[in-house]
Structure formats: C-alpha cells, structure tokens
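We call the chains A, B, C, D and E, going by the order they appear; numbering starts again at 1 in every chain.
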Amino acid sequence: MEVKTATEQKSLLDVLSPGKRTRLRRLLFEFGPGNGALMLLPIDQGIEHGPRDFFPNPASKDPEYQFKLAAEAGYSAIACQIGLATKYYPDYAGTVPLILKVNGKTDIPPSDEALSTTNASVEDAVRLGADAVGYTLYVGSPRQDEDLHQLRGVREDCERYGMPLVIWSYPRGREIEAKGGRDSFYGIDYGARLAMEMGADVVKLNYPKLNPDKDKDSPAPYNEANFSEEEALRHVVESAGRSLVVLSGGSRADDEVVLAHTRAIMEAGGSGVIFGRNVWQREWSEALEIISQIKETLLSHVRRLP
Amino acid sequence: MEVKTATEQKSLLDVLSPGKRTRLRRLLFEFGPGNGALMLLPIDQGIEHGPRDFFPNPASKDPEYQFKLAAEAGYSAIACQIGLATKYYPDYAGTVPLILKVNGKTDIPPSDEALSTTNASVEDAVRLGADAVGYTLYVGSPRQDEDLHQLRGVREDCERYGMPLVIWSYPRGREIEAKGGRDSFYGIDYGARLAMEMGADVVKLNYPKLNPDKDKDSPAPYNEANFSEEEALRHVVESAGRSLVVLSGGSRADDEVVLAHTRAIMEAGGSGVIFGRNVWQREWSEALEIISQIKETLLSHVRRLP
Amino acid sequence: MEVKTATEQKSLLDVLSPGKRTRLRRLLFEFGPGNGALMLLPIDQGIEHGPRDFFPNPASKDPEYQFKLAAEAGYSAIACQIGLATKYYPDYAGTVPLILKVNGKTDIPPSDEALSTTNASVEDAVRLGADAVGYTLYVGSPRQDEDLHQLRGVREDCERYGMPLVIWSYPRGREIEAKGGRDSFYGIDYGARLAMEMGADVVKLNYPKLNPDKDKDSPAPYNEANFSEEEALRHVVESAGRSLVVLSGGSRADDEVVLAHTRAIMEAGGSGVIFGRNVWQREWSEALEIISQIKETLLSHVRRLP
Amino acid sequence: MEVKTATEQKSLLDVLSPGKRTRLRRLLFEFGPGNGALMLLPIDQGIEHGPRDFFPNPASKDPEYQFKLAAEAGYSAIACQIGLATKYYPDYAGTVPLILKVNGKTDIPPSDEALSTTNASVEDAVRLGADAVGYTLYVGSPRQDEDLHQLRGVREDCERYGMPLVIWSYPRGREIEAKGGRDSFYGIDYGARLAMEMGADVVKLNYPKLNPDKDKDSPAPYNEANFSEEEALRHVVESAGRSLVVLSGGSRADDEVVLAHTRAIMEAGGSGVIFGRNVWQREWSEALEIISQIKETLLSHVRRLP
Amino acid sequence: MEVKTATEQKSLLDVLSPGKRTRLRRLLFEFGPGNGALMLLPIDQGIEHGPRDFFPNPASKDPEYQFKLAAEAGYSAIACQIGLATKYYPDYAGTVPLILKVNGKTDIPPSDEALSTTNASVEDAVRLGADAVGYTLYVGSPRQDEDLHQLRGVREDCERYGMPLVIWSYPRGREIEAKGGRDSFYGIDYGARLAMEMGADVVKLNYPKLNPDKDKDSPAPYNEANFSEEEALRHVVESAGRSLVVLSGGSRADDEVVLAHTRAIMEAGGSGVIFGRNVWQREWSEALEIISQIKETLLSHVRRLP
C-alpha cells in the first residue's frame, strides 16, 4: 500500500454526520470562493492581543469594519468571540456564516503555561445560527491536561449538535520553546496530528518556519534540518489527515508573502487561509484588493476536494 | 417593481433572534425563489395518509423522488419526518434546507379528538442541520389542552436553539365540525391567529372555503356569509400578523387552481406555498413544469418583504 | 426519474452511524446466513400469548431451548424480553447476537386500543451487549399518540448509543379492523411506511393477506382488489424504503407455506424472516431441519444488498 | 492451599457481566488469532509521540494504513483515539473491533508528574460501536490522586454499559524513576496489581527490564536482583490475577526480540500482545510477514483460557 | 460471664439508622466471632504497598487465598478495593460480608502530602452487596481540606443508602511527623476523635507507640510522656466515643505481640481487630492457627456491647 498524498484523502464531507456536513458545506460551497476552498476572516485579535492591533487602520477598531468586509467581499465565514457575535453578527445573520470562537485569553500574562478557557458554548453557537465553532488548543503546554479535557466537552457538544469544529492548533508553552519553538516544523506537525486526533474537522495552523539553530533541539527526524519549506508544509497537511487545513496569517506581511503562502498551502493540499491583520489592517479599498487576489489564488490552486 | 407590504407589517426578520434570522433568511433568500417567498415541498403524507398517496405516481413512493425534486427544482426547503430526515436527507445535506416535522399521526383513527404527539425533537433538528421545525397544531380539538402544552415545549426549544417554528395550523375535531368545519373561514382565521399567538414564525394554512350552508354555524360575523374569498384570505393573513403565511395545497387540483391559489395567497400578503401532492403526484417533467410556473407566480406576486 | 425497485435502494449500512453499522453488520454478515440476510428467532410469545404456545412442544417452555437453538443452528439473532435476556442470554453472550425487545403486553385484554409500554430501555440493551433493540408499534391504534411519542424516546436513545432499531409494525385496534383488518394489504403497507418514517432500521411485517370481502373497507386504491400477493409484498417492501424488511411467521404453518413465504419476501426485496412458533414448536431435530431449509432458501434468494 | 499459576486462574469471562462478556469474547474468539489470544494494534502514537514515529514508514502517516492492516491481517482489535475513531473507523465498522482510547497527552512536557486526562467517554465508545475502552494509568505519578479518581469514572461507566476496560498500566513520574524506573520489575509488577485492583479487564504492560544498577533502588525483595526475566514476567502476570495481560512493544526491535517477547508473555500465562511501531513501521508486505509470525506464535503458545 | 462496656457507651446499634443497623449487625453477630466483636481481613495491601507484601507467602498473591481464608475461617468481613470486589468477591457473595474500600493509592510517591482519592462509590458497594464501606482518612495531612470534603460525599452516600462507614484513620503527612509522628499517641488519639466526628461507625486505628523522644514534639499533655500504653489505648477508644474501634496490625509481628494487641484493644473497650499481613503472610494451616487464637482472644475479652 502506498501512502496517499493529502489530496487523495477520502472526502471529509463523506465521513461527517448530516448536521456537520450541512454546515461545513455552506462554508465550502455556498459562501466564499465557493469551490471547496475556505477564506476565513478572524477578528479575535481584540481579545488575544488587545486593541493595539487596530491602530495601523483605525477603522478596524469598529467591528462593523470586519463584518462588512466579510459580507461584502464574500468570505466563507467570519470568526469571532461571543461579544461580537452577540452585538454585531445579528446585522449580518445569513449574509456571511459565523464561526463562534469559544475560548480565548489576553496576552498580558506570558504563555509559558498557556491555557484558554471557554467563554462560550457550542449551544451559544447553535442559538446564534453559527455554522462552526472555533477552539484554541495549546499543543504541548504544561496545562495540556486541562486543555485536552476541556476540548473533550466542546467536541462532544459539536457531535451532539452537528456543529463543525475548527481547532486553532498552536504549539505553546515553555516546553515547546525548548524543543524548537512554537513555529517549528516539529511543533506544527505535532499540532496538526493532535488536532485531527482530538476530533477537528478543520485545523488552523501557522506556517512552519525552518530554523536550523532552533530545530536542532527538536526530536529526530526534525532536528536533521534537511527539509524544505515545501516538504514541511506538505507533511503538516498530511498529518492532519482527513481534517481540512487552513493557514494562519499572523502579523502583517508583504503582499507577495501573503499570496505565496496562500499558494503554498493550497499546493500542499490545504483547504484555505485565515488571514486577519494582513487583511483588515488595510484601508477598505486596499483590503478589497488583497482579498480579491487571495480569492483568485485560492480558486486557481485547489488540489483537494473536501 | 417595488415591493410594498400588503399587511404593512414590520419585517419579521427584524424581530427575530439572530439564530432564527440566520436560518429563516436561508429559506427566504438563499434557496427557493430567493426574493423572500417560500416554496416548500412537504413529504409527510406517508405518515399522515399512508402510502395510498403514492399510487398516482409510483415513482413518488421512493423518498428519493421528493428529495431530488426539492434539490433540483430549487425549493426553499423540504419538510419531512425524522425517518426520512435520517435516512434520505444526508445525501442532500446542504443542497436543500430541511424543515423537520416533529409530530404526526396516521389517519386510521378518526380525527374527532385529533392530537399529534411529538416523535422528534428540536434538538434532532439542530443535530441534522435543519433550518426550521414543523409542528401540527389541531386548532379547537377537544385535546387542545395537551396540544398547546406540548407546543410550548417545542417553542421553548426553538427559542433556545434559534430554530424557526413553522406551525401547520389546522382546525380539527368534532367541535370545529359543528361550527363551520375545518376549512371554514372562521376556523382558518382562528388558526392563523392562534398559531401566531403561540409563537409561530411561519404559519401553514389551508385555503378558506366559503360555504354558506356550513358557515351559518360559525359565530358572528363569520356566519353572515358576505365575505369574498379574497377578503377571507386577506383576513387570515392579517390574523397571522408578523408571522409569515404559507398556503397548503391538499389533494391534487387542476393547474389553474394551483396557480390561482398561489397568486391569491401572495396578493393577500402571504409568503408562499407548500404544495405536496399537487407537485409530486406528477411525473418528473410535469412536476418540473408546474414547479416552474409556481415559482414564476411567487416571484411576480411578492407584496410583502419578510 | 424512474422509481427504483426495492433491490435498487442505496445500501442501508451506508447511511447508518458507525455504531449502528457495526452492530447491524454483525447480524447481517457475521452471524446467521451471513450473506446479508437476517434469520431471527423471536421468543417473546411467552409474554404476548402466555405459555399456551409452548404446549405443542413441551421442551420449548424452557427458554434454554430457544437460546440453544439460536446458537447452534446459527441464527442472525435471538429476540426476547428483559427477563430472558438477564437470566438466559448470559450463557450465550457472544455466541448469538441479542435483540432486546423493550416493550410488550399480554393478550388478556382485547387489542381494540392496543398499546405496549416499555418494560426495558436501550441502555439495558447496551449493558447486556445486545446488538439491536425491538419495539412493537401498533399502527393506527386509538392510542397511537402515546405509542408514537414513546417510540420517539426509544429511537433517540438508539441514535445516542448507535443501537439498531427493529420495529414490529403491527396494524392493530378497532379502527384498522374497520378498514380491512390487521393483515390487510392497506394496513401492512401503512405499517411499513410508518415504521420507516419513525426511524426503523429493520421493519418486521406480517404477510399481507388479500381478502376482497374485507379489503373493500380499505381506502382507495387498496379497495380495488386487483393486487396479487406478489405485488402486495413488493409494495410493502418498497414502502419501507431503505429500512430492511423481515417477515413475521405467526402461528405454525405447513413447511411449504413457511418456505414459500421465505422465498416470497426475499424475491420482493426483503431481508429475511423472523419465524418463532414455526420453528420452536417443533421437536429439536425437526426444528433443525426446517431451519436448515429456511437458511438455504434465504441464501439462494437474496436480491438486495443491505 | 497451593497458589495457582496464572494459567490456572478461573476464567475471566465467567466473572464478567453479560455485556463485557459479549464484547470481550468478540476480541478473544471471533477476531484475531481466535483461540483466546489477543493481537491488538495500537495507533495512538500520533498523539503520544507526535508524527515523528511515522517517518520510518511514510505510508503509516495515513491512518488508513493501520486500519487496513488491522482489518486485513485479522487483528483482535485496533486501539485509537476519538479523532481516528470518528473519521477513519466508520469505513471499517464491523470488520475489526475497536478499542477507544479515552485519555492521552503529548510528550512535549516531561513526564515527571504525568497525567493523561480524558478526551473521550465510554458513551462515545458505545456510540461508535467499540468493543472496549482503553485508559492510560500512570502508576506512582505524583498526580496519581487525580488519575485514580478519573479512572473511577471511566470504570463506573464501563460497568454501566457492559464495556470491557483495558488499562495501559505505566509506571511513570519522578518518584518511580527514583525507585528503579518505569521499566523496572518493581514498577511493572506494581502496575499489574494496581490495574487489576482498579477494575481492569485487560492490563497492558511493558516488558520488565532487570537492571541491577537501578533495581537496587527498588524496595525489597525487588532490589535483591536475583530474578530471571522469565520469573519476573510470570510474577507480573500473576499480579494481574484474573485480568488478562497483554504485552506492549515499545520502539521497533529486531524480529527475534519481537517473537521472543511474544513467546515469553504467552508462556508466562499472558493473553497476547499489543505491538504498534514494531508492526506498522514496516512496509506493507513486511508488516504482514511479522504479523503472521506473531499470530502463529500466539496460537502455538496459549497457556491460559480466558 | 456478663459483658460490661468499658467505655459505658450507649450501644452504637441503637443510634444507627435501620439500614446501617441491619448491615453492621451482620458483621457483629452473624459472621465472625459472633459476640459483637469484629475480626476483619484486609486485602488492600496490593494497592497500598504493591505486590511486595505477597512474596513472604507466594500463595497470598492470588486473591483467592484471602477470600477463601475469610470465608473458611469465619471472618466478620473482608475488606478490599473495587477490582477484587468485582472479580473475586462474587464467588464468595453471601459467605463472608464485604467491606468495599472506596479510596486508595500507591506508596510510590512519598506521603508528605498524603491523599487517597476515591476509586469507587458507596453505590458500587450497594450494587455489590457489601455490608460496609471503608475510607482512608489522612489525619493532619496538608491536603486534609480535600480529604475531609471528599469524605463528606462518602458519608452522605452512606447515610443515603444505610451503609456503615469504616474509617481507616491514619495520621499522615509532614506536619504530623513534626509533632510526634504517625504512630504517636497524640496523632492516633486525634485520629480517633476526628473519625468519630466525621461520621465513622467503625474506626480503624494503629496501635499507639509511646516514644518519649518523639512525643516531646507533640502538644501538651501528650508531650509529658507519662502515659502507659494501656492508658493511651483506653484514651483512643474513648476518643472514638460511640464509634467502634478496631485495631490495625501493620507488618508481620510475633504471635505473642499479635495476641497481646488483640487482648489490649478489647480490654480497652475496642471492638476487634483488622490484621492482614499478620495473617495471610502465613501458610494456610499456620494462618488458620493464628486466626483461631485471635478469635478465641476476641471472644474471651469482649467488654463492650456494640
């Protein structure tokens, strides 16, 4: 038996329950690019980093900015916490799908022992008409015991209600920093597999950064430093198996990097991108411009049918 | 063409919670005619009347027939019981919205004391990815006490989960038969108001039949027999207030009747039709033909923005 | 679109949840004939009729007789109530699958308003290691409101635990007697559809008996008396859609009738038989002999892949 | 009274409840070697160690590899976490039994205070049609108080649902490292007894390693260093009493070691093996080859009837 | 010989609820010595110390040894953890009463902050037909807050189900070591009172050891070192008030010591002994011999009517 490439995975939709299938299909085919690729807009930076992220584009401080952008530019979904979902989403109900983020934290304390506790429930998501739930898992954190147990409850509720589960799978904490770091190929590859094993339907990953100096602290074979970025990306997508992979953006980068990463994740068999600051830290027309380019890139590089 | 509301009602969507709004909007604008009119396909006759309804068009005995019809002809939603929702809907998940009927009964016993108990739950509807729940209320039945109390539970769950509630509001039982009958203007007008007062988001009504012989047993002013059908229809739509009204079809009628009723309900300020036998008792191409005419009629006669 | 014959139904197993699939597959392929046909042994007559059924073969009064028969003759499963499941099944745990019947009643009162209340739960079935649950539904009984609501709870638990649901779908009560009777094509056809619509995975039906004198009281088109037995049987199997149909035996009949009915149900697209008295009212070696013939008939007449 | 050898234990199946008996019998006699020996395939390394274990045989990264192997090579069961059970097992439902692992953790943090919290429930296992539940107990960890209490809940649910409980009984944490280490005869012997006392039906143990240098830190009589490996193995099997013992494999070893360990555990009165990396880190045909040899060894060395 | 109570306590049985009275009376008068004295056999050392305790008498490793001993030598009850209660007790159900120990831990980590979490429930005890529940309380441990709170739940359940509560009342942890130690008169006297105050029906205590060197660290008046062993023992029995006191044995001692301690506890107004290793670390006939002597001593030294 030969290993399948990620793009030869059995369709995820085929193995989902009817409720998950109905909802996820909406993100994949009814909204956004519409060809099975996901273009997601996250607006959870206000809790994760605080308002500092809004200064580069003052208009972005008003959540209307992101909601309007998501609806008008044709996103697959917008992802936010309960407060925005309660106070801003209702005006956009039905015009752009909602991913309710159910846990979060500030970055005021250090993340040595990172843990995000839930501030909302899957039932909140159902009640609000959301089409998916988002959960941040801190892979390898010293408090992983609490994290994995908490995720169990969220996953069980997702199964009970037929709600797709999107896991923000982030290596974090002092131990991973000692083994290559949060952006290491080792950490992200582990995160991809862990999220899939814990029941993610969609996994949100950061772009793995190869760094021989730090990677030498990772376990074999990651410490051997002979992987290309392309290989690393393909590996993490494969580690997620039937779970769909979307690439995180992180802080604002050049247009070429944004589009190159979009291309790279799709060519590796991924299913889309979830770029926040890279989009909404731009003024309206500039934002529309980069979104249009991202969407076009997604459309032209799909390699996997979800 | 400008749409002006017949009933001058405030938009229903404006007063709904975000979950109900998201889901109902889907039926009104994303699927079906798409202009705020509802074209619903019911396939609950197998339990309400038994398989005898399928003999005129043997193909209709296989539930695939109705699901395929609903998806391919572009319906706003298909309405069925839990068994079909579980065993047939999954193949159509996301391609046509689902209204889960949560109560029902056979017509083997007489309907003197009609009551339909629940055979499924609003949580079943959530789990399956349905966009609304259907409930049959037997208006004026001697067992209305049980009925209204049972409906309370369904309505409460609809509110809890943000699930639109469609009430099949049917005058039934020996008492209404003594006061004009199940199809009387009196009975249907009462049904429209009762359903709205009990929390319906959408009310399914039969076409009121004016019949001086029987109407004389109705209370005043219904017994005065000086209403036109058009007036009666406008009255029942107004009685439903902000709840949307869809017209039931009943047993198969001539094409002209079907389309005339469609026109009439829309001109009266209603929001659409839910015709079953009139559609799926026809052979496939004939069915598509009448559906196309119904849809066109709905599109050209919308008078109320939901 | 042409109507599919029953044998062209989509595989039932394909639409079942993993738990139901695992358990039902066991009955269909690991035990019994092993080719997707069901040969079930019911031993619920002791409650339904009392010990009078055991007199023709005194050995059959000891439940060991039926359990031993089921295990040694290679049945797909044995179906019984909680007492036998608790006191006799443990010795056969793992050697023949168990279908736990969760409701039942004596036949001392008349069945004009038949209703079987639950005397065991789906959780009992899980705890005992059963592979399916059996429920008797009295189609068209004046107490159908209680019956359908009670069945809802059983069905929901079956879905929660991944337990296949077998419905004994029996027209019963004074109303059906006035419309052709419990064995009428009308009644049984209605029962097949109702069970499927209520969520049955397997439907247990009696052989429809055509009787012009009584059928004239059934609604059209059943009162037209121009159906052959073969057509009637094919109709009831089609009415059950994706649910599998097994044929009940009833009181003891001649060998030729037993085998002819077995052949007939399989040729109509059914999935097997559940004969009790026809088997265990025979002395051990005679019982083995007829079982062997039944099994052979099942094996050679399978027309539908479950 | 003379002490019985492990092989003279009363049959475990005889003391189990019907549900546990039905399910465990399936693993022991219907699947796998089929003579009462267990050949289990674990695929929980993706969470316990991360994807690094898949590099030696890239095909093994796709969970299909292990599921296909388990089904085609005739394993007694496959053991995995909830994500794989949900997304990959359904395709194999009924073709190979499932052991749902209900707790787990990454190995990014050190195991000084090891604790694996539950990420799934016994009810998940029932729902998925699993035939047993797996739990990792970290014997002697400073957090044993949380571990034993958590295990209580899992065990109680196993009893409630008739689900066999397999305990991965692993000495772990800084204290055991100071008393001979995780692989010491002392630690493993304690683990065998503790698992049995906590209600395990099957205990998964590592092969005890005699190491005079480290064993001198174990309490008497383990520090006397005069045990042979054979004696140690027989002791740990006896410590598990009526609970069945299966031997873990650990990282990949030579064929001779794999088979020698298989032989040793069976001769000591154990009930089988659970080798993961030793099997699926091999290319398909090589894997089949070693599996065939393991199965033959199991078959020819059974000394205890379960 | 008339029995006169040493402590002149009112009979405990008189103040117990009917359920507790029924069950405790069974231990006091139907089994064991039968005159109100308790002769209990503990077999929880396998979890508390590991299998090392079984080496002196290899036969004792098989739990059958202790169960058989308890039944054949006529014990008042056998005390064990859930695993033995589930897998070995059923064979002895009704032939010797069961005390289900509901908490426990290994001794691999140090006991500086000792806490035994529950691994079974009072409901387990009811289900298994046990006549009492055992709980280990670590008197004065830094984690006493968790311990006392956990005990509350066990006691409440004991009251709910009418189940006698036996408290293993053991001073433990770094703080008591600094105040005279776990075997000090101070510690044990405190333990007797605490257990009684927390709701024990029976208190299991170690023999207080007077040790001027260590007792000087105890608070006054315990640090004055002028108590005789006999006085100390009488004090601790009085501290337990109406709760019955049984004496623990600890590691194996000479026959004279065993019998002297038995005599001493009875003369001090205690109600019996619970010797484990002192009994079952002996070969079968030797064990029977010492048991016979213990029983005789109990019978001849009863001074208190329970």
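Worth pointing out:
Going forward, a residue touches a chain if its C-beta (ideal position, glycine included) is under 8 Å from a C-beta of that chain, and two chains touch if they have at least 3 such contacts.
Computed from a prediction, not measured in an experiment: that's the story for all the values here.
Traced through touching neighbours, the fewest hops from chain B to chain D number 2. Think of chain C turning onto chain E: fitted on CA atoms, that turn is 180 degrees, to the nearest 5.
Distance between chain B and chain E, defined via averaged C-alpha coordinates, is recorded as 71 Å.
Centroid to centroid, with C-alpha atoms defining each point, chain A and chain D lie 35 Å apart. Centre-to-centre spacing of chain A and chain E amounts to 57 Å, using the average Cα coordinate of each chain.
The set of chain E residues touching two or more other chains is empty.
Viewed as a network of touching protein chains, the structure does not reduce to a path, ring, star or complete graph.
Chain contact summary for the complex, chain D toward chain E: residues 1-4, 10, 12, 15, 139-142, 144-146, 148-149, 151-152, 155-156, 159, 171, 173, 175-176, 179, 186-187, 189-190, 192-200, 219-222, 235, 238-239, 241-243. Chain C makes touch with chain D in their complex at residues 17-23, 25-26, 29-30, 85-86, 89-90, 93-95, 98, 123, 126-129, 160-162. Every residue of chain E that touches chain D in the complex is listed here, in rising order: 44, 46-47, 50-52, 55, 58-65, 68, 80-84, 86-88, 90-91, 104-106, 108-110, 115-121, 124, 284.
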